[in-house]
Structures are given as C-alpha cells and as structure tokens.
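In what follows, subunit A forms one complex with subunit B and a second complex with subunit C.
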Partner chain A sequence: MTVNLMEVRDLTKRFTAPGGPFRKARVMHAVNGVGFDLARGRTIGVVGESGCGKSTLARLILRLIEPTSGTVRFDGDDLLAKSAGEMRKLRARMQMVFQDPYSAIDPRYTVARAVTEPFVVQGRTPDPGEIEALLTMVGLNPGLASSFPHQISGGQKQRVGIARALALRPSLLVLDEPTASLDVSVQAQIVSLLEDLRSELGLTYLFISHDLSLVRYFCDEILVMYLGRVVEALPDTDRPARHPYTRTLMESTFAPDPAMRRVIAPLEGEVPSPFDLPPGCAFADRCPNADALCRTDPPALERRGGHPVACHHPL
Partner chain B sequence: MTSMTGTAARMMSGFGNTSLGRAFGSILGKVAGGFLVLLLLTAIFAPWITPFDYAAQNLMNGNQPPGWPHLLGTDQFGRDVLSRVIYGARTSLSVSATAIAISITVGMTLGAAAGYFGGLFERCVMTVVDLTWSFPDILIALIFVAIIGPGLTSTTFAIAIAYLAQFTRLTRAQIVRLKRETFIEATINLGAKPHHILLRHLLPNAIAPVIVVGMLAIGDGIVLEATLGFFGLGAQPPTPSWGAMMSSGTAQLFLSPWVIIFPGVVVAVTVIMVNLFGDELIRALDIRDRIRGA
Partner chain C sequence: MTVLSVRNLQVAFGAVAPLSGVSFDVAKGETLGIVGESGSGKSLTAMAVMGLLPLAGGRITAGSITFDGQELTTLTEKAYRRLRGGRIGLITQNPMTSLDPLQCIGPQVDAVAVLHLGMTAREARARTVEILGTLRIPDPATICDRYPHQMSGGMKQRIVIAMALAADPDVLVADEPTTALDVTVQAQIIRLLDDLVKSRDLALILITHDMSVVAQTCDRVVVMYAGRAVEQGPVGDIFDAPQHPYTQALIGCIPRGLDDGARLTGIAGTVPTVLNYPPGCPFHPRCDRAEEVCASIVPELEPNATGAVACHLPGVAP
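Entry: the complex of A and B
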C-alpha cells in the first residue's frame, strides 16, 4: 500500500480539429504537462478560470477520456495500461460527482433505481437495507426512493449523485464543481455533507472549483491552473501566493464585510486561445511583471522558495 | 360496490396519467383516438359484423346504389361495398402496421448502432439508408413486385423500406444527443458495459419520439398501400383493399360512384384521425422539439 493514492505525471491532452482542403488542422492544448501526488485521505483543490482544463483533467485521471501522453498511477497501478474490462472493475474505486446534477441522473430512473444501478453494473444485487442506508448517509429521506428526478430539488439530485458515487465504496472521489449549479444555501449543505463523508469514510478528494475561497476552506493543497498548465502548487491553504495569477485570483474574491473591501484589480486583456498558445509564459500578456524573458521562454513549474511555482519573477 | 368503483376510478386515473391516457384527454384526442379504436375493433371483428360475404358475387344485383340491404351499395359484380370496406380495413391496417413495425425494428437497430458507435460505421449505414430515401416509394415497390411478384408481401416490404430512413435518422439523432448527457458519462464511470448504456439508458430515452413518428407513419403507410393497391401492385382480387377497390371502381366512376367514394372517404378520414391523434400524443409526451430536431 503506497502513501499516494494517485500519482499523476506529465499528463497532457491535445484535441485535434481535423483539417480539410480549405483549413489547417488545429490543435488545442487542453491539459499540458500536469503532475501531482494525491496522498490518501487528503484533499487537493484544483482552481482556475472556466476553460483552463480543470474538467478535462478530472476526466483524464479517471480515464473517461484518453490522455495524449503522461502517466496516471492509481494505488500503484498504471491506469493507462489497464484493459477495458479491468478498467470497468477499477472504476468502482474511483468515482466522480458531476457539476450538473440536473442531467446527472437518467430522467426515467427513480431515485432507488439510480442508486441501485452502481451495484447492478458491477454485477451485484444490493439488499433494500443497503439502498436505504446509502440514502440516509447522504441526508436523503428514504421516502424519496420512488421519486423521479423531476420531482426532487437540485440539492436532492446532487445528493443522489453523491449516493451513486459512494455506493461502491470508492477510495477516490473526484468532485467536478459539485456546488456550481446550486443555490447558495444548498451549496453550503452539500459542502458540509462532503466534509462529513470525508471524515466518516476516510475518502480522498480531488475537488475542482473556480471558487478559490471555497477551495481554501475545503482543501489541504491547491493546484492553480491557467490554460492547461499548473502555474502554482500550494502545499497548504495559508501560504501566500507567489504567482501573479494566483495573487489576482485571491484578491478578486469579495469580502462580505464592507469595511474589509479593497480595490479589486481586474485582470487586463484576454485569455490566449488554447489553439494558439504564446511561445513564452501563457500569462505574460496579462501580467504586470512580465518582461522580455516571459514572452519568449515558458517558465517551468519549479520549487522556488518554498513551493512549486511556474514564474520567472515569483512574488 | 363502493370499493369496486374506487378500484375502477383508480385504474382510470392511472391510465389518465400515462402519456397515452393524456393524449385521450382533449376533445380532439377523444374523437381521433375513439375513431381509431373503433376502426381497429371493426377490422378485428370483421367476420362477425359484415352483413355479407365480401367475395360473394351476384351479377344480377350489380351497381346497386346505397340503400337496403346494401347500405353502401354494390360494385359491378354485385359485391357488398360495406363488407368490402370493412375487410379492406383489415388489409390496410395490417399491411401498414406490419410494414411500420419492420421499419421501426430495423431502423432503430441501425440508427442506435450508428449513433452509438459513430465513425466510419455510422457513415456507411447512413449513406445506405439515405440511398433508400432517394428512390420514389413506387419504384421500390416495383422492384419488390419484380422480385417476388405482386401481393401484400411486396407491398409490406416496399412500405417498410420507404420509411426505414426516417426511423434510422430519428433514432440516430436521439442517440447522438443523449450520448452527450452527463448521466451517460456518470454511468460509464460506474463501470457499465456498452450494452448496459445502450439498452438501459439510450434506447429507453429515445423510444418515445420513434413511437409517435411510427404512429404517424402508419397513416402514411395506409395511403401508400392504397396507392400501390390502386396500381394493382398490392392486394390481389378478390382480397379487398381500399386502394384496389378504388382502382376497380374507376371503370364505373360515373355509373356507380359509391364504389370509389366510400373507400376513398375511409382512407382520408383514417389518415386524418391518425395524424390528429399523433399530434395529441406528441403534445402529451411533450416531445415536439425532439421530433422536429431529427
């Protein structure tokens, strides 16, 4: 038994839009050389703007899409070397909670059937008590078992999604913005449910979000992504940011107390197209500290004074 | 007694809650649906309700106008038009329904496989299927008649092939749309095999529009069967079919117009009712956009 439940190295995914007689083939760099270690029982948060490759990363490490290159080791096993059949069995141990609870359950399935399905696809017949216990565990009234998705609320749907993910007793749970499409009050309930489950079941989480304050509250470590690359890997949540992008993200969260409000410096410029990455640092055009070196030479993710950061001029 | 009425009421309300029940909810649905149920019962119980033998000739009694005892008159051979129209319902409905059932079965299988597997397989299937669309229905029927001879079998196959492309395309469009839904990815992530995804998620969600379009196609199938029958490619005498009756009626169009009018009216009314009921079914299932999108 290794310490790290998941080890990801140099993971890259390029999507190719095929060319034709009148256009050139275009390559999109969705995820570019991402690596991290996820220790058992820990929670890593992945933050970044929409389109930075967070969700693609989640699907790559679960092998829902095939990476272009790189390695993913799950509990010591090379995931990318597994056959389709081995992969199907292994999926029981690595589950995912999806961003949109509204489309994450088959509209023709009742809650009970949706929660029974994980057992069925893994070739097991659960006893009714097991289903009821699952529903209770995620805070759902077992009386809802015969309801259809359109009869329950968004928060309840997300609880069904969590129950489905936990049915097979996974070790790893990938949470792809599990609260993003829910009301604020419901978000808090789901977050506290996820916290409780983490300590009760000893789960390891990969938590994906664009909400940095939520990630800082919820996670042990933070990976900050920008255009498919990890630009900073914070080993704990109190550490000051050293990458200008992380700094901007942190400063752009609103404080609830008006007295605490400060001037928010919005980012200038646009995110470069992932089809046409600049030769140097992808953030250079928007960075206040960028110089000639930044525009020609991409910075590597290196440990500079404490923790890894991909910047020529860390703060 | 009270409990019995209660049970009956519950059964009724149970039916009222199904999509088919809701299609019967409006006045239009009741009229159209009622007509179709009546037509179906007439076709099934034809031997018991026809006043005369549909094939019994009485040359002394030919070309009688509607009246008693021949309510819709007689044709040139003195055969009872009402009895022939009732038996014609059997031919028309069974040929059309059988053809559409074959078309749906084959079309859904091809469309689901094409939509699910995609790639070169999808392109091959869709090209072949589209090819069948480029031939006029009559031409397809002629090909079958040339191969297996005129009769109801070639009519059935001709109608089945004429509507194959429609069901294949509709199913494929549904599958392609559903495949992108999160619940499919979620189920794959549970470790589900492809057949589980296809049979337990994709097809059950794709079937409703196909059933409705199938229902509407039965109406078109009746017209096509009548057309082929009119040209003498369908039912062979003395088997009555609405189209064939109209065809033989053309000879006496001015002498005894009832021979051609009554089958024509029945074809028209049946097709209108099928379409009205189909529209009500679309409304009840709330799938208008999915049928248009195909």
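Entry: the complex of A and C
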C-alpha cells in the first residue's frame, strides 16, 4: 500500500473550439501542468475563481474526461493505462459529489433507486438493509427512501448525492463545490456531515471550492489555482501566502466580524482569456510586483525557500 | 436623516402571506443590511419598496412605506414610475440578465437620464461617460459602444450600478449585488458601493445572504427569517451580542466566525417555505430554546437598547 492514494503529474487538458468559415479553431488551456500528491486520509482543497480549471481538474483525475497529457496514479495504478472495464471497477473506489444536487439526481428516480444505481452499474445487488443503512449514515430518515427528488429539500438532495457516492465504500471522494448551491445553515450541516464521514470511514477528500474560508476550515492542504495552473501549494491552512494572487484572494475574503473591517486594495483588471494565454506568468498583468521577467518567462511551481509557489518574486 | 421608512409591512399573494411584520428605517449616508437565507423574504421586501409587487401578482395588505415624507403604498403606478429608477435606484442580483443583450451599453444607461432628468440624448451620453468614469471603468467612451456579452461579470455589474446612479437617486436598493461574482470582483464592487454611499450621501439597502458582506459594509442590520424581521440593530451589536437564537445560529454557520477547534454545527431542519410557515414563532421548530408559548404566539418585534428583537426568550447565547 502506497502512502499516497493519488499522485498526479503534469496533468494538462486543452479543449479545442472548432473553427468555421469565419473563424480559426482555437485552443483553450483549461488545466496546465498540474501535479500533486494526495496522501491517504488527507483532505486537499482546490481553491480558485470561476474558470480557473478546478472542476476540469476534478473530472480529469477521475478520468471522466481524458487528459491531453500527464499521469494520474491511484493507489499505485496508472489510471490512464486502464481499459474501460478496468476503469469501471476502479471507479467503485473513487466517487464524486457534484455541485448541484438539483441536477445530479434523476428526477424520475426515487431516493432508494438513486442510491441503488451505483450497485447496478457494478453488477451487484445491495444487501438487505444496505440502502437504509446508507441513508441513515448521511443523516436521512430511511422513510424518505420512496420519495422523489422534488419532494425533498436541497440539503436532503445533497445528502442523497453523498449517500450515492458512498454506496460502494470508496477510498476517495472528489467533492466539487458540494455546498455552493445551498443556504448557509444547510451548508454548515453538510460540511459537518462530511467531517464526520471522513473520520468514521477514513476517507480521503479532494475538496473543490471558491470559498477560501471554507477550504481553510475544512482542508489539510490547499492548492490555489489561477488560469489552469497551481500557483501555490499550501502544506497547511495557516501558512501566510507567498503568491501575490493567493494574498489577494485571502484579502478579498471578508471576515464575518465588523470589528475587523479593513480597506481592501482590490485587484485591478480581469482574468486573461484561457484561449489566449500570456507568454509569461498569467497573473503578471494584475500583479503589483511584476517585472520584465514575469512577462516573458512562466514561473514553475518550486519551493524557492519555503512551500511551493509559482512566482519569480514570492512574498 | 431617515429617508425611507418601512412599518409593519405585510405582503400577500392571493391567500398566502409570505411577508409580515417587517419594519426598518434607512438614513442618508447609511448602509442597511437585510440578511437572511433563501425564502426569508429579503427580495420580496426589495420588490415592495420598488413598487414591483403587482408585476409578480402580489400586493401590500398592511403597513406603510414612506419615502421622504411621501406614502408609497397608495401611490399610483404612474407616480411610482417617476420615483423608481429615479429617486430610488435598483441594483439586481444577476448582471448577466439585467442588461438588454441586443443593445449597446451606452443607450441603456443614457435612457435613465433621458426619462428621469429630461436630458437630451447628447447630454445623457456625457453624463453616462462621466458616471462610468467615476465607477473606475476604463475608457468609458469606448465601453458605450460595446455589447453586454463583450464584458466580464464584474464590468456588467458596474454598468448596472451606473444605470441605478444615472438619475442621482437618494435611495439605492441592491439585491444580492455580488452573489453572482467571484470573490476578488465582489471585493471591488463592495468597495465601490461603500465609496458611493459616502461620496453621494446615499441611503443603501443591501440585501444579502452573506453575513461576512454584512460585517464588512453595513451600519445597521435587519435579520429576516420566514418572511419576518426577527432582529435588527447596529452591526456591532448584531455580531457581538445577538439576542435572537436564529441570528446566533446564523453566525455559527460561518467557517471564519469560529474559534480555533470549534466545529460548524449548522441549523437542524430547513427554512420553511411560504406554504408551511409554522404557527407561532417561525423559527421555533429549529430552535433549541423554544417553549410552549413559541409554538402558539407570534413574537412581536420589541425594541431593546439599540435595536429590536422578535423572540419570546431573547438573550445572548448561554
């Protein structure tokens, strides 16, 4: 058994927008050379703004979409070398919870059928009482088993999504913004449930979110993404930022305390288009510390005398 | 100086009353936050203030809204039209859908000054360019000839703010102005609204579900739950010594609001929908302080030292 449940190296995904009579085909760099190790029982948070490639990364590491290049190892196995049949078997051990519980569950399926579906896919029949046990585990009344999605609340639907992901006893759960579409009081319930499940079942999580304060609360390590690249890998959640983008992200996150009001120097400018990446550091145009080197030479994710950061002039 | 005042507002759609017992005042140069989860009636309150309820099939059944000494609940639609977008501006939640996709930015903003201030097209355009400039939009004259799809979400939200400001309003109602935006853009927009309140002496009603946004921007806060104002007061008191169990629970749901090692608890159960509002205090089924009286009698919003609270058993958390 390896220490790392998952090892990702130089993972890249480019999408091509087809051209037409009036437009050339364009290449979009969604994920660009991403690498990390996810140790057993740990939780890595991936944080970034919309369009930074975090959801694409989630889909890539479960091989829901095929990467352009790079490797993904799960428990020592090279995922990208697996056949479709082998992949299906492996997927029992790696599951995903989707952002929008409203569209992740078939509206014509009852709760029981939605939770049974993973067993069907794997050619198994759940043991008697197993579905009820799963519903109880995620805090749902087993009496809801015969309900349809429209009869239950958003928070309950997300619990169904979690029950379904846990049905086959996976080791890894990829959580793609699992609370983004929920109210704060329900978000806190779901986060608390995920914390309990993590310790009870010894799960390993990859937690994707745009909410830095939630990631800092919930995760052991943090990857900060900007325009398809990891710009900083924080080995714990209290570490001060070394990348100017991370620092801005931290400063832009409001503290829920009126006594801690501060003047934020908001980031100027916009995120560059992923179709047309600048030659140097993608953040250079918005960065107060950028110089000529930053505009010509993309910085690699390196230690540079501290935790890994992709910046020529780390803070 | 209080410019807009809402008293005991009640709104009905047919036989259901999704909103009742909402009262607040907002003064010039002040930001009032209205905070609550989805279904708490925050947006409905905004619609009532804007006189937009008839569009959705609702009506005000009790209470009053006074603006600058004038009663709004009895105003004719024609008279309301002069106020709405004129002296009371609205910033909507989703900038992606509140601009006309088929029209350039310039004419959309110009129209406000033409309609409300009686300007000519040329004067209105000069004003549009000036306002876009004060909102730190680069190269405003060129932006006027752009279409909404050519701009980012943050830029579109600035255009929506420009439209709300074009007629120089006294009151600005902002309904979740940053919910659809990324955090770095949210910080820019919130900072901008803050500056506007101070520089233009605006009264801002900021509707949000995000307690952190409230903490950073508001002077006073109204907390809503299931169509009622359950607590209000100065922002410092609401965060330091909340009296209503719901306010306390809501603060406990914010990851950053916790001490080290403390855990998020959430609030058991879900927000009731308008069709199943419980009798008595709307929060009692989820409240761990609830007693018999809470299940039968609706608590009134009672004033306290600095604000008001609607709870039979108010007090700071034990």
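Rule of thumb we're sticking to: the second predicted complex is superposed on the first by the 313 of 315 C-alpha atoms of A that agree within 3 Å, B and C clash if a C-alpha of one lies under 4 Å from a C-alpha of the other, contacts with A are read in each partner's own complex, and residues count from 1 in each chain.
Throughout what follows, contacts are C-beta pairs under 8 Å (C-beta built on N, C-alpha and C of every residue); 3 or more make two chains touch, one makes a residue touch a chain.
These numbers were taken from a predicted model, which means no experiment stands behind them.
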Combined model on subunit A where subunit B meets subunit C, clash or fit: fit
Partner chain in contact with A:Q95 - subunit B first, subunit C second, else both or neither: first
Which of subunit B and subunit C A:T253 touches, first, second, both or neither: second
Subunit B versus subunit C as contact partner of A:D220, first or second or both or neither: neither
Where the C-alpha centre of subunit A sits as vertex, the angle toward subunit B and subunit C in the overlay (nearest 10 degrees): 80
Residue contacts on subunit A - larger count, subunit B or subunit C: C
Which of subunit B and subunit C A:G161 touches, first, second, both or neither: first
Touched partner set for A:V186, first subunit B, second subunit C, both or neither: second
Closest approach of subunit C to subunit B (Cα atoms, Å): 20
Complex interface listing, subunit C residues touching subunit A: 37-38, 152, 154-155, 182-184, 186-188, 190-191, 209-213, 215-216, 218, 235-236, 239-240, 249-258, 263-268, 270-271
Interfacial residue positions of subunit A with respect to subunit C in the complex: 49-50, 153, 155-156, 183-192, 195, 210-214, 216-218, 248-249, 251-261, 264, 266-267, 270-271
Subunit A partner contacts - residues on subunit B that touch it in the complex: 181-183, 185-193, 196, 201, 204-205
Touch list for subunit A against partner subunit B, complex: 62, 64, 87-92, 95-96, 98-100, 103-108, 117-118, 120-122, 161, 164, 168
